[in-house]
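You will see two complexes here that share chain A, one where it goes with chain B and one where it goes with chain C.
Take a look at the complex of A and B:
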């Protein structure tokens, strides 16, 4: 069977929940219940999809790659949705973070806010994220990005105070310009290659002569597209919207933006540049500093420079922030730098064909697996920390370091959650963060990049520095007056603790996670399987006769 | 000739949009963004080649000949709708910024301290 209905299950669940929460918006309690059930159902749908992908089911005889053709229009004419190990990994990460952030929101966001728009927006954002992870059509990717962004605009400006409107204005204008660029790149790619389907694009790029494609403009257009993804992921030099937006948004939304929405940019880079554009036939690049004839030979150094700059800028800026949210926002710029630099090693590995010890086989797989594990760690730990920041705000009434101090003695439950998540960010075994950092270092060593090792080391030291500072100023030391008078919100603390425990649990039982990451990396590099599973047809008539 | 004129117009539209985005007045910035996105739409239509005939005519009567690509037109419709929504939101946001700050001058907005 070419079409697998289970692929659209998470998408439908999120969409139906979003609409239902709109319908019942008059009844606040009902709306909360519907929203929470929708969040649970989303986790269930994702679990079902992951189980189906991991059990080796597949379309067109390819194991582990499920495709769904919208309205049974054959690819590349209709829109294709594809769920493979890479999509499944990202969806799994989304499901965990989104459910806990939702549980946090229900207690955290004020009643009036929840009644008006919070729940529908939250689920529509989830729809956009899910669609982006599943689609195999670049214009459709644009549409899902817009669905996601449109909801996130409103969520960023949710409190609509002076600072929030200012931050949202910046965020909206920047992303609107980004969307126009994405449209330009997509239009250009369509006119040079004649297709929008990612599998078809990969197939045509591999054999440009017979499709009459000139590869050099494709490289240029893919670079324009890259800018858009870098903007979404918040990599230097496109990082400056991040702190203001994260600070303005309600804590659970910041957790989603940092934990999940940023990863959509990372996913798009992996999917398009490693699965699609890397498949292009060798071309004469003759650019300064570029060795090799593959598109990844061009993007490898670009990724490296941007990742390195992100690690340094994010880390250094995070060290002397005045409040928890700013510190976490700059920290997530630095942490995404780690992910991107792992992608740079992977790109180098693809170009040079470096080998790595088992179970990875090649530096390409190792680098991608490192990026994915690190993404998962960042999603769990940073979401937990943002939720912790929200819980501190709700209990103490401030997140400025000057007002804080001695939370550890006053609210031990929250402090434990914060501490575990912070340790995971630093990378202390047996937490997931340790494996994330370890894999990034491993990739750097196997890629033979001394500069990369040095940068990762610097980033790790900076992480320790700012995490220690946050802990010292906020949680240890003399109890401040505000902390003394705080009213602990135990429901919120529980959510933080659960996320921290997940990060711990995933670290302790790391084997299935690393297996999933390696499979996802192989799926990202397995362009052949991807094309075969999508099952491209030569003409619209299913009999293949044509006219 | 058409291509040359179109390229010129597109270039001018993008230049105008960029010019407006760099203004101090928030309303002009929103105008600029919306002009850039409309220019992107026009660009997208031109990607489907302009010298063909209407797609539905294929197979009906003689001399239908080359067909203009209908796909990009469908894409542009989607993009226009999205652009409409986002522009409306950006304008509402501008109004909200004015309500909160009493100004829509970006320099004055930027000059405010983060404390409030």
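Take a look at the complex of A and C:
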């Protein structure tokens, strides 16, 4: 079987770009060109990978799941990369947002910014994100998380003012503690189950007796790991680092953090809890509030409570913020809450020892698809809004609502972009946001959760409230002095507009997207295929792949 | 002007003697790293330790003016003294070498980061008349070539470049 180099291509493109931008760091213009070409090549590599996965290519006879053994060490001993529909969906989202945030950065970051390695860091962050989406090894996942975080630490403290340093310090300390917990949980899982490979882990958990595994500690360790992912995703009660970090970071970095890096946490929850831990054999859970015997029966209520709290806290807090970035930061806490309650509905649909459901019918698939579509919408819309906030700052010199007003008349292009992205966040048809919200409601109805429907409604109303307020204070009304004297940055406006148009285009041509999301949801739940595609070897000497 | 006026003769003499030793040990660790204890990381750290010694005993100016021939400027810019630029280039080149060994494997149709190795012994065909030729050429000159060694060199550059950049920036303040 030929090695599918396409699986590792996005990772390598980002890595090579990061290194090249580092090598040419003395030549400011050359670095910009290399960075831009790298961004385009990344999109190309991701497009090739998506095309390959969607056309049904696969490894070990499984359609649509491509695997790749780094260094030619066979699974489960070597590091496996897996590209299936779920990874492809997340990579597609990353490619779009990263390219436009990069286009924004190239115009926005000045020479001094380039001197402190903005471009290499940006691409290393992309390397970390891509690696997290592709890896099928939990320790390797930790490594990619670290690659991503290391770069984001520096990007958050980029402006190096007192408040930026404070925000970054908080962000660094919190994430270091998170990383320590993650390592602890992974070490614990390794000593309990004897493997780090996700496919092997899933296989062993399904048959704990013959591998001598006790499931209860595994559940506990998976809960520790869950806390870390919740921290990355910024879900209540781990949300408090979000506003300061997003406010401190440069606009394109905030766009990447909110649009893409948060989704890595969501992806990790989907991949590990729905693909791996859900495969565990039924266990006796006599915990309050837990109905059922599967791992997800335990995590379902947890996800629901955390999602609900995020929706309420994020929404309410966003309503009375004083500046655009704060509003957007709190809004993204609320929006991730929507994604998480969709996951909670999906978790409720997965019961212990279940069979793969029929593709469109089950609540599990619907909930996951809703979470994914909502993630895509949030990535596009929120990234567009953060870029718009950056463009306002560059043009007007402030993002405080007190200094703004009447931007709509002064800078119609930017306002159009902001307006469309904001509507997509609210969920107005035919924008993507409408389908995202619709699917979440659909999942809630199918899960029979009245409380869920109520929460989603409340969240939607809060979204309308704060988006309207941002629009009224910033874009309509009396034109403020600062806005009157603004120098419009049309290059920056273009990136906002393009992202907004993508959100509109994806909404209009929604069929392929919903198909991709449903396939991704099925891939997340198709543990059997995942295990088979990885092709586990029993010993190091049996030889696999190309030996 | 002479360098290191504010340190003692003892410190300067000890530094002169230990410096080559430290560097030789570092190189030895680098060369055996791919299949024995050692490797690019620890060799890089040792090399940096040697440089740190020079920094401490002879001062920042000495390294910059004598070794690199640059004008010394304590606070060059946001990114630190000028010499940091050199370290950052070293860092980038090291990363490029390390990633390059991984990419090289792909040119042969193997997965990223696949490595290979070979034990090379010089042929004793023409020197067989020398007593003990087999031992001298077959054993002493035997060398275990591994592509992982090239990767280690990359790691070595990354560690040296990265740590020296930190030393120079922090030291410059």
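Worth pointing out:
The rule we apply is simple: the second predicted complex is superposed on the first by the 531 of 547 C-alpha atoms of A that agree within 3 Å, B and C clash if a C-alpha of one lies under 4 Å from a C-alpha of the other, contacts with A are read in each partner's own complex, and residues count from 1 in each chain.
As a convention for this text, contacts are C-beta pairs under 8 Å (C-beta built on N, C-alpha and C of every residue); 3 or more make two chains touch, one makes a residue touch a chain.
Please read all numbers here as calculations on a predicted model, not as lab measurements.
In the overlay built on the shared chain, the residue A:72 is in contact with chain C alone; chain B does not reach it. Counted by residues of chain A touched, the larger count belongs to B, out of chain B and chain C.
In the superposed model, A:508 lies in contact with neither chain B nor chain C. The residues of chain A lying in touch with chain B in their complex are 139, 142-143, 146, 150, 153-154, 157, 160-163, 165-166, 168-169, 172-173, 176-177, 179-181, 183-184, 186-188, 190-191, 196.
The residues of chain A lying in touch with chain C in their complex are 2-3, 5, 8, 12, 15-16, 19-20, 22-23, 25-26, 68-72, 112, 115-117, 545-546.
Residues 77-79, 85, 88-89, 91-93, 95-96, 99, 103, 106, 109-115 of chain C touch chain A in their complex. Within the complex, the chain B residues that touch chain A are 21, 26, 29-30, 33, 36-37, 39-41, 43-44, 47-48, 71-72, 75, 78-79, 82, 85-86, 89-90, 93-94, 96-97, 100-101, 109, 112, 114, 116.
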